[in-house]
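The chains carry the letters A, B and C, assigned in the order they are written, with residues numbered from 1 in each.
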C-alpha cells in the first residue's frame, strides 16, 4: 500500500534525541513500510521487544535491513556481515510507533467535508478534520481534532487539541434521567450540563458520552475510549484513563488517573475508582474501588 | 447559557394545581436557570429532596432565592429575613423537572432537516422534529416525535406520540435469524414483521430495535431505552419498562410493566420477566423472572 | 403488506429438487404471504417443525391451505377433505425460509444512493446496494453486497460476494492500540492492516470491525455478526461463526469454524476458541476454549 521509500537518514533525523546510537550503514538505505514479524521483508522497519529473552537472536533472524533495538543487542559479526543497521533507542516499540505514525499511517488531511452540518457559531481550531455527514452544534473544537463521519457533537461541548472521534460517536446527548409524574409515568429530568474534553482524547466508534445533567461531564487529557462504550451524565474520567470496548460507566462516576477498564465492564452510578486501579474484563463494579487495586468478576471483587 | 429571566409568577402559573402554597415574595422575583447544589446562585431555582433528613437546613443554606419544598419545610424567620420564597408542592423534584424542561431545556424545534431522506409514503404527524441525515421508510410517526440525526426507521414501523429517538438508533431492521442449507451454511430466516411503538417512548443512541420475524416487536407507552441496547425480534416491552445502557434483550422476550433492567444486562431469548421485577446491572438472565422479584448475577438469581 | 398472489406451481418449481412429493391440489391454488402460527390464514404458507411430536395434528389444525411437511406427516382423510396441499421436503423450515425470502421479503434493489460518498478508486461489483449516507473508501466490494445507510467502510477493506452490512457498521477503522511516551502518556501504535471479508457474511447494525494493526483482520465465509458487536484488530473468524449481539472479541483472537458465541460475551485478546465450540450468553472468556466444548460464566468455564 505505502511504497514511498524513506531514506534512513530521514528517519534518524525524525527520531532525534531518541536515537542513542546507530551501527551499520545509513547512506543509500531506505525503509518503505512497517510490518509484523510474519510480513517483515528487507525494506520494512523492524523492532526488537526489550522484554524478550532472545533479543540478539530476534535481531539476527529479522528479514529487515533496519532494526530498532535497545542497548542489550550487540552489533554482532553476523549483523555486520548481512549489512544490517541497528538503531539504538530506549524504547524500540515507541520509536517504531513514532516512525510508523509519521511515515506510513495515512490519516485524514485537515478539512471539512462539504456534507457536514455545522452550527455557524461553532468555534473550530486549526488543522481540524471533519468527515462526511458529521453534525456539530455550538461547540468548541480545538486544533488538530479529527471528527469522523456520523459523529454528533452537541451544543456546549468543549474539546481540547488533537482529539479523535470515530464514526457514530455521540458527544453531549441528553442523559438517561427521569422523574415520575402523579400517574407513575416517567418524564425527563432536565439535562443541561456540558461535556468538557481535554487534549489528546480518543472516543471510539458508536460510543456515547452524555452531557452532564445540571453540571458537567469531564474527560481529562489522554483518555482513550474504545468503541461501543457508554459514558453517562456527570462522569469524570481522570488523565490517561483507558476504557476498552463495550464498557458502561454509570452516572456521576469518578474514575481516577491511569485507571484501566477491561472490555465489557459495567460500573454502577456514583462509584469512585481510585487512580491506577485495574478492572478486569467483564467486571461488574458495585462498590468504590481503592487506588491501585485489581478487581474483576460479577460482582467485582479485589483480586490484587 | 440560558439567561432568560422568567418571572416567578410565570413559574407559579405554569405549575398550576401542583402548587399547594407560596410563602415569601413573588412580585419582581425572577429565575434565570436551574442548577445543582454546587452551582446554585441567587437567580437559579432550587429544590429540597423530601427524602432528606435535614430539609429545613438545606432550604436555609440554599443560595437560591426560590426553592421548591414539601410541606415539612417551615417558612422560618431566617428564610423570611433573607427574602426567600418557598413554593410548596407534593413532589419538589418533579416540579423542578417540569419547570426546567419548560423554561431552561432547549430541544429541537419541530421541522424536517433538508438532508433527511424520507419515503414519500411516510405518515408524519404534527410538530415532529427530524434531524440531519435521518433515513425513514414507509412508517407512521406520531405527533410530537423527535428523530435525531442518523436514525434509521424502516418500513412498517408505527410510532405513537411524543417519542424520542437519539442518534444512530435503528428501528425495524431485520433480526438475527438464520436457517442452515444442505451444506450447513446459514441463510436468513424471513424477517417481515413490524415494530409497534406506543407514546412517550425513548430509544437511546445507537440502540437497535429489530422488526418482528413473522409477527411484531412491541414497545408500550412510556418505555425508556438507554444508549447502545439491543432489542431483538418479537420482543414485547410493557408499559414504563426501563432498559438501561448496553443491555441485550433476546428474541421474543416478554418484559412486564414497570420492569427495571440494569446496565449491561442480558436476557435470553423467549424469557418472561414479570411486571415490577428489577434486574441488577450485569444480570445474565437464563430463566423466567417472577413478578416483583429482584434478580442479579451471572447467571442471574433471585436476591429479593 | 405483501398481497401478491403466487401460484403454488410457481413455488413448487422454485423449490425444485427440494420437493420430494406434493399431495393435494396445485392448480388454482395461491399463496400470498408467510406468517407465524398465530397469524396463519388460508392464503399464507405454513410449515410443520420436524422436531415436534404432534406433527400430524399441527398439519391438520393449520389454517393454511399449503403446508410444508416432512415425510412423517400423512396426507390424511381430514387434510384431503379440507382440500389442503402438503409439500413434502427434507427440511420444512429451510424450504419455508427459501420461499419467504424469494417471494415475500422485500430487500433493497441494487443501486447506489446519490448521497453515498464513495472513493473514485473503490471497486464495486454487480448488483450492489449502497444506501443513503454510506461512506466508502478505497475498498473492494463483491457482487451482490448490501451496504446500509451510515455504514463506513475504510480503505483496504476487501469484501466478497453477497455480504450484508447493517446501519452504522464501521469496517476497517483503526484499532485500539497505544504505546506510552516518556511521560507515560499514550499515543497510537500504528494500525495499517486490512480487513478481509469472505462471501455471504453479515455485519450487524453499529457493529465495529477494526482493521489489523500490522497484518489483517479476517472474516471467513458465512460468518454472521449481530448488532452492537466489537471485533478488534487482527481477529480471525472462521467459517460459519455466529456472533450474537453486544459481544466483544479481543484483539488477535482466533475463532474456529462453526463457533457460536452467545449475546454479550467477551473474549480476551489473543485467545483461541476451537471449532464447533459454544459460548453461553454473558461468557467472559479468559482462556483458550478447546474444540467442541460448551463454556459459560464469568470467568467462563467448561460446562460440557
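The working rule: a contact is a pair of C-beta atoms (placed from the backbone, for glycine too) under 8 Å apart; a residue touches a chain by one contact, two chains touch by 3 or more.
In this text the structure is predicted, and so the values were computed from the model without any measurement.
Novice: Classify the chain contact graph as line, ring, star, complete or other.
Specialist: Shape = complete; every chain linked to every other.
Novice: What rotation angle superposes the Cα atoms of subunit B onto subunit C, in degrees to the nearest 5?
Specialist: Value: 120 degrees, nearest 5.
Novice: Looking at where subunit A touches subunit C, is over half of the residue numbers used by both copies, so same, or under half, so different?
Specialist: different
Novice: Cα centroid separation between subunit A and subunit C, in whole Å?
Specialist: 32
Novice: Where in subunit A do residues touch two or more other chains at once?
Specialist: Expected reply: 115, 133, 150, 168, 206, 228, 246, 264, 284, 298.
Novice: Spell out the residues on subunit A that touch subunit C in their complex, using ranges where they run on.
Specialist: Checking each residue of subunit A against subunit C gives 1-2, 33-36, 38-39, 90-91, 93-94, 96-98, 100-101, 104-106, 113, 115, 131-133, 148-150, 166-168, 200, 204-206, 221-222, 224, 226-228, 240, 242, 244-246, 258, 263-264, 281-282, 284, 296-298.
Novice: Inside the complex, what are the residues of subunit C that reach subunit A?
Specialist: Subunit C residues touching subunit A: 115, 117, 133, 135, 150, 152, 155-156, 168, 170, 173, 176, 178-182, 184-192, 206, 208, 210, 213-215, 228, 230, 232, 246, 248, 250, 264, 266, 268, 284, 286, 298-299.
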